Each structure stands twice: as structure tokens, then as C-alpha cells.
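Read from first to last, the chains carry the letters A, B and C; within each, the first residue is number 1.
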Amino acid sequence: MSSDKVAIRIRGVSHQFGEEGDARYVRALRDTTLDVARGELLCLIGPSGCGKSTLLNVVGGLMTPTAGSVEVAGKRVAGPMPRDIAFVFQENALFPWNTVFENVNLGMVFQGVPRAEREARAQRSLEAVGLKDFAQHYPGQLSGGMRQRAALARALSLETGILLMDEPFGALDEQTRMILGEDLSVLLARADKTIVFVTHSLGEATFLADRVAVFSARPGTIKEIIKIDEPHPRKPDFVTSAKFTAIRNELYALLHDEIRKTMAESSVGPTP
Amino acid sequence: MTAASAWRRALRRPWVARIAVVVLLLGLWEVAARWWVDPMFLSPPSHVFASLPAVFDTRGVPAALRITFWELAVAFALSVAIGLSIGLAVGLQPFARKSFMPIILLLYGTPQVTILPLFILYFGIGPASKIAFGVSHGFFPIVMTIVAGVQNIKPILLTSARAMGASRWQTLRYVVFPHMIPSFFAGMRLAMTGVLLGVLLAELYVSTAGIGYFTTLFTQNFDPTRLLGLISVLAAMAIVLNEIVRRAEVHFGRWHTD
Amino acid sequence: MRRSGNERRGRLASRAVQATFLIALVALWYLATTRWRVSPLLLPNPVAVLRDFWDILKTGEFLGDLHVTLTELAAAFAIAASCGVVVGYLISRSQYRIRVFEPLFAGIYSVPIILFLPLYVLFFGLGPASKIALGATIGFFPIALNTVAGFGYVDRVLVVAARSMGASDVQLFRYVLLPAALPIILTGMRMGFTVALLSIIGSETIASLAGLGHRIVHLAEGMEMAPMFAYIAFVVAIAAILNVLVSMLEARGRRP
């Protein structure tokens, strides 16, 4: 692919925690190479501890890999790139002492957006996620789903080309996940963002992704990439279609052994 | 409705029962002081209350109360200033924290009351020693709570700020400091308790113009009425001061959900 | 992720800083009294303090005062513990009583009770009785409050499970309530002990004829700086030892 069409270039990324012989030594990621196309939604899916979150952190510049490199917007990633990359984490990363609006605003303060623009951008992104009426609430007053909407609004207001989402709906119940997934699909059809989305859920990956990268057990590397040819925004009835089921089954087949393998050797070591 | 059942209904609310308990105790005290105990040793609350004006009329008492209050205020302000400086210096730098916190904790654990005579020797018998002793009790909780407040930040918040491009100064200003505020106010509440203890201990030990002088005077003259009166006033002062910091803590810790 | 070698180095460095700090302090002290001519009436020579400390231990002159202080402490703690646990248990039996008394106790405890020392001295005199009474009063509150917390907030699920298996009142107390409440009560006792010790030393300092606190005051009034420092060190050491012992007992009692 020409450089214009590639948003993220991942080359031979490996990562380990600690040194060999240490009690806490973990080989999280093994020789991962991948191109993420501009404007696509790529899902990373795999068993626990396979390194998908590690890869996301490496891509976003929060971690320096022990081997390999990542290129974003023509530059080599050497640290956080707030103008090009925004994060949505699984854990609640909103500042509890600020209102939703203040949280969204603060992200732009960090990035360096001029004051005159901030209010407009904040309003736009809050409206896009459906939280316009809750701008003056504190995160503690909101449900889990609404908090993640707020986190998404904060990320959107930064108007980056790339959005990295690490199991953003992981802590939510199934029904909230479903709704948020549908809303995300609608939102993304409008915006022109490159998204890398880590998830555990087969259904979520199938519903949202243009491509799904399936990881092997730890030390993880990409086992296979599945392409999903279905335009965004995806309708709720896509979920009940035969195409969906087929893809989901394929993912299941790919993952099942890896999951079993991971469970078998579970116990010692942190899950990156 | 009979009086008895109305009474029982009212008692069902805890705060009413609490007042009833206090009233009961005061009643017992009244009875004991009037009929059982030698008036040289104990005075009934009615007398104490009635003689409060006399306490204030005693030459030097109002001034002594003012001095003591001033000692408390200065000691508290100094505790906050010193505690904040040390707390931030130690808390923000992990290496400083690992090196100095054990020393601070060790000092905090020693019974400071043993060196009270030393404080008097060094700072004299005037207000300075009371303030100094108050500060030495008051600044520790502030240091500890600030260090804890800085340490307790969820790493995800710092990661998130870093990912959004926050500079070190921005992280301090928008993440670390706001996070620290509830701890700071909790520390101030504890500091007030410490300052009260320190200043009052020093006053009771030796005092020429503070309330300690008068407690000694009333004790030696076997004047339980005025002694109780004075102590009640001081206790009231302590309760009010404690309540002020407690309310401040509740107000400023609003977002603290855990 | 930090490597373990790095961690070890970091810890050594902190220890080094602490050691340097303490050594520098002692060195300054020594220099101040020998080279810099600070008056011995202000700061005694550390060597003299060490010598006096050793003398005190050797001759056993501390025994009299230590005996007074420890008996006061023992008596005060015994009273505080027994009253505290009994009262705490009785209060914990009903939610209503908890709601009435717990805030009351917490409120009283928030006032510096040492304030009432002159009253106790007036009533009990300058002898051990006033120290015991004050120590017992102050020590009572953390014990009572923790006992209320311990018994009052036992997980309902455990009680229901035991009852469903047919436990009697006595069995419930012995096998469910007491083990569940014990760790919290023991913590309260440790706190009560510490606070009683502090209040006893404090009241001995302020108004007493005997005891370790009084000894320090006596030496201060006589401007005998070196022995005073030695006794201060001694009292701090005793307090530390007692606190460690009590903490160990608490930990022992908490282990299931």
C-alpha cells in the first residue's frame, strides 16, 4: 500500500517485561508486523495476555518496544503523539473532580487547542456521543456506559486521525455494550478516523471491524487476519444475518485453541 | 396520645435519644455533686453554668482565652504551611519519599510528650513554646496525607494525561493537585486535633498568661466550679474548631466517591 | 517495567540517604557541643548523655519511676479494656443503640480529653489515681468504638448461615460473632493502649509526684540536661518496645 493509504505501520514489534531469569519475566508480544489502512476499523482479538493491549500501548507511544518499530503519519513513534493519536481506555480515565465538560475541555488544554475553539469542539463531541444534557455532571454521578461515552467524547474532541481503544466496553454489561457498539458504528460512519480496537468479544469484533487480527496465545503474534466486507454504519440486523454468524464462527474456530492453551498455562505472570 | 407514647415516638429518632442521654448524664452529675460528693471536689452543672459569667469576670481569663485561641490559630497555620511544603517536597519525588518517609514515620511514632519540658526550655514559658509544640503535633498528619494523596493517584489518570500530551507542569496542576485536595483537607482535620493537643498540653504544663495558668489556679484553690466552667469553654472551643475543619473537609471532598 | 536489579539499587540508595542523614545529625550534635561551644545548659554533650544512659541502666535507678508508670498503665488499660469491651458489646446489640451512642462517643473522643486533667487532679490528687483515671477515660473510647464496630458490623450472611444450621445464642457468639469481631477489637485495644500510655506520660509530666514523666520534668527543672536527655531516650525506647509488643500481640490475635 502507498504511504498515503497506510495510517499505521507496525514492523517486527516484540516486547518483553523484565529480563530472562527474573521472577516477573514475561514475553508479551512476538514479532508483530501489520499495516493499518487509513479510515479502517481494525480489531485486535485474542486470549488473555496475548499482548494486544501491549501492542496498542506501543502503537500509541506509551511504551517503547524491546524490538521493532511503529510509524504513524510518516514519523516514527517515540512517545505519545497527542495530535495524531487519542486513547480510550477500559478503566475509567476521567478525572473524578471535573465535570464531563471540564474533562473534555482538559484534553484539549493538554493537546494545545486554542481557547476559542475548545467550547465548540466540546459541544460537538458531547452531542455526537449523546451526552449533551450531562455536561455538568461529575463522572461519579454517571453510569458506566455514560462514563465511557464521555471518555469517547474527550478522545473525539481531540480530532486526531487515529483512535486507539483498549476494550472500552469491557467493564460494561452486555446490553450497554450492544447499544454503545451500534452508536459507535454510526458515529464512525460519519467521521473519517482510523481505529484500532482491542476486544475480547467475538460479537463485538464481528459487528464493528473492517478487519479482525486474531492473536495467538502468549507470546502473542498475529495468527490470521479476517476481512469483513460490510459497509458502515452497520445495521442491528447485521447481527442476525448468516454472514455475521459465519464470520463469528470462523473467529471462534481460530481462537478456541489459543484460549485453551492460555488457560492451561495460566497462573504466574502479569497480564499485560 | 399519652405523654409516655409521644415520648417513646420521639425517642425513636437517634438524635433525640442522644440528647436524652446527655441530659440524663447531666442530671446524674447534678445529683451526685449536690448530695454525694464533697463540694470541694465536684460542682453541679447548674452551679457551673450559673457561674460562667464569674469565670469570665476573673481578671485575666478573657485575655488568656484570646491568647490560647491565637496560639491555636498560629500553630495551625504554621502546621499547614510546613506540612504542605514538606509533604509536596517528599511526595512528588519518589526517591525523596522512599528516603525520608521512614524517618518521618519514626519521628511521628515517638511520644512527643516526653520532650515537652525540652520545648519549654528552648522556647520559653510564653506563647512561643505552646505554638511550637502545637506545630510539632500538627504538621505530621498533613505531610502524611499529602504524600498518601499523591501516591494514591490511579496510574490510569496519569497515563491518560500523558497520552493527551500533558506537560509535567500541566500534569501537576490538573491531575496531581486536584486529586490531592481531599487528602489535604483530611490532613487538616487531623492537624487541628494535633494542634489542639499540643497547645493544650503545653498550656497545662506551664503557663503565665494562658489558660493553663488559670486551670492551675482554680485547681490549687479547690474551685471546681470555675475550673469546670473554664474547661467547658475550652472544650466548646475545641469542638467548634474541629467542626469547622470537618465541614471544610466534607465540602471540598465532594468528588471523592471512594 | 523496572528490572529487579534497578529496584535493589534504588532501595540501597534510599537506605544510604537515611543513614547519611542520621549520621550527619549525630555529627552535628557532637560538633555543636564540643567545637561550637553551644552551652551545655542548652544541649548536652552526646557522650555525656550516652554515659548517663548507661549509668541509669546499670544502677537501675529507673526502676522506681518505671514501676509507677507501668502500674498506672496496667491499671488504666485494664479498666479501659474491660469497660470498653462490655459497653461496646452492649451497644452493638441493636442498630438503634449504635446510632445513638456511636456518634456520641466519637464526638466526645474528638475533644482533647487531656483538658480534663486538672479536674482529675482536683478530684483524685497528684498521686497515681488521677493518672489511672485519665488514662482509663481516654483509653476507653477507641476500645469501645472498635468493639461496637467489630460486633455491630458482622456480615449478616454469616449470622444467617449459622442460625440456619441451628446455632444457639451462645454458640453464635462464640463461633461467629467473637471471631469476626476480634481483629477489630484487638486493633482498638492497641490504639487504647497507645493512647493510654501517652496520656499517662503526659499527665505525669504536667502534674505528678512520681513516674517517668515526672522524672524528666524534675531533671528539666534542675537543668540537668544530660540525664534528662538520657531519660527521654529511655522513655522513648520503653514506649517503642511496649508498642512493638502490643502490635505483635494484635497480629497474633488476628491470625485465624
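Methods note: a contact is a pair of C-beta atoms (placed from the backbone, for glycine too) under 8 Å apart; a residue touches a chain by one contact, two chains touch by 3 or more.
Small disclaimer: the values here were computed from a predicted structure and weren't measured.
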item: Top-ranked pair of chains - ranking by C-beta pairs in contact; value: B-C
item: Farthest chain relative to subunit B (centres taken as mean CA coordinates); value: A
item: Centroid distance [mean C-alpha coordinates] between subunit C and subunit B, Å; value: 19
item: Chain centre separation (subunit A, subunit C; CA means) in Å; value: 53
item: Centroid spacing, where centroids are CA-atom means, of subunit A and subunit B in whole angstrom; value: 50
item: Contact footprint of subunit B on subunit A as seen in their complex; value: 60-62, 80, 82-83, 85-87, 89, 91-93, 95-98, 106-107, 109-112, 138, 140, 158
item: Subunit B-facing residues of subunit C, complex; value: 10-11, 13-14, 17-18, 21-22, 42, 96, 99-101, 103-104, 107, 110-112, 114-119, 121-123, 197-198, 201-202, 205-207, 213, 216-217, 219-221, 228, 232, 235-236, 239-240, 243
item: Contacting residues of subunit B [partner subunit C, same complex]; value: 12, 14, 17-18, 21-22, 41-42, 95, 98-100, 102-103, 109-111, 113-118, 120-122, 193, 196-197, 200-201, 204-205, 215-216, 218-219, 222, 224, 227-228, 231, 234-235, 238-239, 242
item: Residues of subunit B touching subunit A in the complex; value: 154, 156-157, 159-167, 170, 174-175, 178-179, 181, 255-257
